[in-house]
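Shown below is the structure under consideration.
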Amino acid sequence: MTTPLDVEAIRKDFPLLEREIHGRRIVFLDSGASSLPPTQVTSAMTRYYESTHANVHRGVYATAEEATARYEAARVGVGRFLGTSAGADEVVFTKNCTESFNLLAKSWGAANLTSHDAVVLTEMEHHANIVPWQQLQQQVGFELRFIPVGDDYQLDLGDLDRLLEGAKLLSVTAMSNVLGTINPLKHLAARAHGAGALIAVDGAQSVPHLPTDVVGDDLDFLCFSAHKLYGPTGIGVLWAKAEHLAAMPAFLGGGGMIKDVRLDGFTAADGTQRFEAGTPPIAEAIGIHAAVDYLQGIGIEAVREHEQALTTYAFEALEAAFGDEVRIHGPGDGPGRGGVLSLTMGDIHAHDLAQVLDQVGVCVRPGHHCAKPLMRRFGLNATARASFGIYNDRDDVDVLVEGLADASRLFG
Amino acid sequence: MTTPLDVEAIRKDFPLLEREIHGRRIVFLDSGASSLPPTQVTSAMTRYYESTHANVHRGVYATAEEATARYEAARVGVGRFLGTSAGADEVVFTKNCTESFNLLAKSWGAANLTSHDAVVLTEMEHHANIVPWQQLQQQVGFELRFIPVGDDYQLDLGDLDRLLEGAKLLSVTAMSNVLGTINPLKHLAARAHGAGALIAVDGAQSVPHLPTDVVGDDLDFLCFSAHKLYGPTGIGVLWAKAEHLAAMPAFLGGGGMIKDVRLDGFTAADGTQRFEAGTPPIAEAIGIHAAVDYLQGIGIEAVREHEQALTTYAFEALEAAFGDEVRIHGPGDGPGRGGVLSLTMGDIHAHDLAQVLDQVGVCVRPGHHCAKPLMRRFGLNATARASFGIYNDRDDVDVLVEGLADASRLFG
Amino acid sequence: MADLEELYREIILDHYRSPRNRGELPPPAHRVEGFNPLCGDEIVLSLLVEDDVVADVKIAGSGCSISQSSASLMSAAVKGKSVAEARKLVATFKQMMSIHEATLDDATEEPEPINLRALGELAALQGVVKFPVRIKCATLSWNTLTQGLDELGA
Amino acid sequence: MADLEELYREIILDHYRSPRNRGELPPPAHRVEGFNPLCGDEIVLSLLVEDDVVADVKIAGSGCSISQSSASLMSAAVKGKSVAEARKLVATFKQMMSIHEATLDDATEEPEPINLRALGELAALQGVVKFPVRIKCATLSWNTLTQGLDELGA
């Protein structure tokens, strides 16, 4: 099992990994919640603040022009990373993936959905792709339908035609943040379009770990956050086909998103600007741009290969050490899953598991992972989730195994 | 005219000020649009990313606990800067001042306003405190009333009692970003409360430059952005009395703002959390905390005194050099105005003025400053706005005068 | 793992493994649910108040060792006590749990001394304050109890 | 101030100080408004199209020297031209204005050569491309013209 990444070299870009926790080196297995940014990202932002910072879009002086150009260039760079050359017109910067979904629901949704319509989600969605639709539903009264998840942790597409009947949108995660399940986007897009619906994708977990191709997969909308993509906090993306953006009403109101304001009303601006009210996350746009450049430098295919190999190693190591005592809630090892391992160990609660793991420096996340409907579906209260990133290697998995053994002793 | 600030020492904290533009040192007079962050702020964020970063509220491992504690401590620190010890329960982090107003309008407003109600704004509001209300008005149909601005650039309060009759909210800027006018908050709060209305304040321009006292002034809501407060982009604040927050419905939906989510609905969380959907701007919260600490170290009273002295100097210098050729749109020099000078010079358009100023390194902002109703009120299309911050001194004003003289020659 | 042992004291593990007052009470007992929204812990508290006395209390739901043992310890501590005594215990317990938050906030503020003796076995949960994220686990059942008493107007 | 002199060429200052085709046309001329939302420039274009020819055009509104001179130059350039020629001119002009954006975007892409001769006096606005923020000023009237032609179905 060789890995295509030079992890040792990569780790040097992440100063946090030099930290010790309770006298042990930190083993960061929580990239699924938020990844660490490399120095390339933090220093790009600091350099921006120290050499260029100015508010965008409104100044004619040199730094304001530069800031505007770099902010707009970030759209293009992010667009390329998603597989499109139309980023300038299709990448809207939000504050996080959650705001992106709220924008989608409360702009596109509010304009297009009536009480006769339906939106199709899945049982494995993150709350970010459920609650905004429920909020809109309370106002508009359309139908929310859910594609069920089978005992094999896959979407059960048996009834898809019926579920899509009369639906205007299918909104689905590319990769489950709990199960690791990777969904067949291209197939789902074709099915949605075949039924006359659009397709929105939650790319929070997929964009940082799998190649993305919004054009090739024929998607309509894609939402994700920078902070899971080795970028900064405070910025997310709504990518949408320009034709959809052009037809969507404004979302948040304020400066920057208007053509004109009178005391008795306003006219909204065109293009991506209509959806970016107020001063945008400028330094953070520089940061996400640096992050996609960094990932592109490594190669997202290599990242995927590396994380898949690491997942295989973890499956084997956990099985060898604990047999049935440790359960991985999600599909078996293979190309249909990502590097997210939702673990339970006997009766030990995930919180306690995570607490014991912390003592050996291992960072995993306990809880419902903002996917309560999915947790209920599987009768789970909480799992301890280990998730891999570009800086993880087999040593990290070995320490995870060591910590789980400690927990087994303490609570066994 | 001595100044209470050691500007030379302060300037050392702002690396951008060492930059040269067209062979001249940069003269940054655009803090009203966005201020520069000191190294204390950028390095606090970088240190956070390099030593602590983790998603907040959900982890039990060491760095996640630290990140959570520091994020929550930022609420408390910001609260103190606003004059309250209740920051933990009253400071909501948003993405900018504009989102804060959207939250206010679309949560508090949507829950409290019907077609029989009225909201009172002023003619000198920034679009951030106009458009969200107009958006809500389109849905709900309440009345929007505007306190007029007199020829003396002050709010005309002659009709205030009538305007407040039956109104549920007065939402007013503490300081105009165009005119520099400082409004009498304490008086306005008393008048609003006397009429049974609440008061919301746009502190975008005042919080960085004047002492703020939400308790002493008896305010209900206050909105502002970090990026005008020597802090980072990507974060804003809605401060609200805890009792108001407790009664307000959720705004954006998603992870982190819920108690429970089922396929058929959700229950919102309590407290500030209800209004923070998704991963918040964590590093940016560390940044705004460092920014208020930095300002507190200097002393906001000293900042105010410094900027007032600088404004006096600028008034005198402009008058001496140009007489009537340069107009300052706003109140005359004195304690009733801040360090914001909206300039026009003869017939020269503000864009051209700013362009010429750029050639001598001076950064000023041309345009309508997101206050089109106010501009119309005064028959203005655009002004060139110079705005002062803690790093500006009289030399900066002198270069501004030099650049204006160039413009006069070129277009005269 | 010295810190860990302070967190997971023997009494705590004992109450976790063998929770006291487990189950639900039929009406007229009052039923209250508590969530820890961030980690998914759920508690169902059945509360029977008669003549200003917590006549009976039962606990259902699921969660981590800290939330479950705290609920078990709480049930044992308040059962049979007057409502006033129970509320006082809640206050003392929450005071113990808030030390960390207070010191974090402002290291110069002197925390008030806590009457640890009044807490009895509950003092075993003291170690939790070193783990701020777990404080919410420990206080979940107590907040639910307060809510229940409030709803009963007791 | 070498760059500045490239931006504010004599022709531009001349058209700014003495704008051509200033005013509004009465109906049946078509009226179109254009805004530059970020800086407040406004343009009111009166457009008379007869037999597929831009028979008359007038400009009102206010803005900076670049937006006003560009509008003035534009009006002089399209007046009397066929709609097809006018549209072609718009395309050529916008191509000149987009060089900077293109190169900014990706320095390796070779910009297409522009027929500067076809632009005549308009070529004076070339200096604007070095000032990206001002490009929107220069193109405002041109976009408004396109909108007007579109609305007329011309």
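Side notes on the structure shown:
Labels A, B, C and D are assigned to the chains in the order they are written; within every chain, residues are numbered from 1.
We adopt the following convention: contacts are C-beta pairs under 8 Å (C-beta built on N, C-alpha and C of every residue); 3 or more make two chains touch, one makes a residue touch a chain.
Since we're looking at a predicted model, the values are computed, not measured.
Listed by label, the chains touching chain C and chain D alike are A, B.
Per-chain CA centroids place chain A at a distance of 31 Å from chain B. Taking each chain's centre as the mean of its C-alpha atoms, chain A lies 43 Å from chain D. Centre-to-centre, using mean CA coordinates, chain B is 36 Å away from chain D. Shared interface positions of chain A, i.e. residues touching 2 or more other chains, are given as 22, 58-60, 64, 256, 258, 260, 351, 355, 366-367, 372.
Contacts with at least two other chains are made by residues 38-39, 131, 134 of chain D.
In summary, the structure contains touching chain pairs A-B, A-C, A-D, B-C, B-D.
Listing the residues of chain C that touch chain B in their complex gives 35, 37-39, 104-105, 131-134. By the touch rule above, chain B contacts chain C in their complex via residues 57-60, 64-65, 68-69, 73, 76, 88, 256, 258-260, 269, 273.
Every residue of chain B that touches chain A in the complex is listed here, in rising order: 15-16, 19, 21-22, 26, 30, 33-34, 36-37, 39, 42-43, 45-46, 49-55, 58-64, 95-99, 101-102, 123, 126-128, 130-132, 134-135, 144, 146, 225, 227, 232-236, 250, 252-258, 260-263, 265-266, 277-284, 351, 354-355, 357-358, 362-367, 370, 372-373, 376. Considering their complex, residues 1, 3-4, 7-8, 13, 38-42, 62-68, 131, 134, 137 of chain D touch chain B.
Residues of chain B touching chain D in their complex: 22, 349-352, 355-356, 359, 366-368, 372, 375, 381-382, 406, 410-411.
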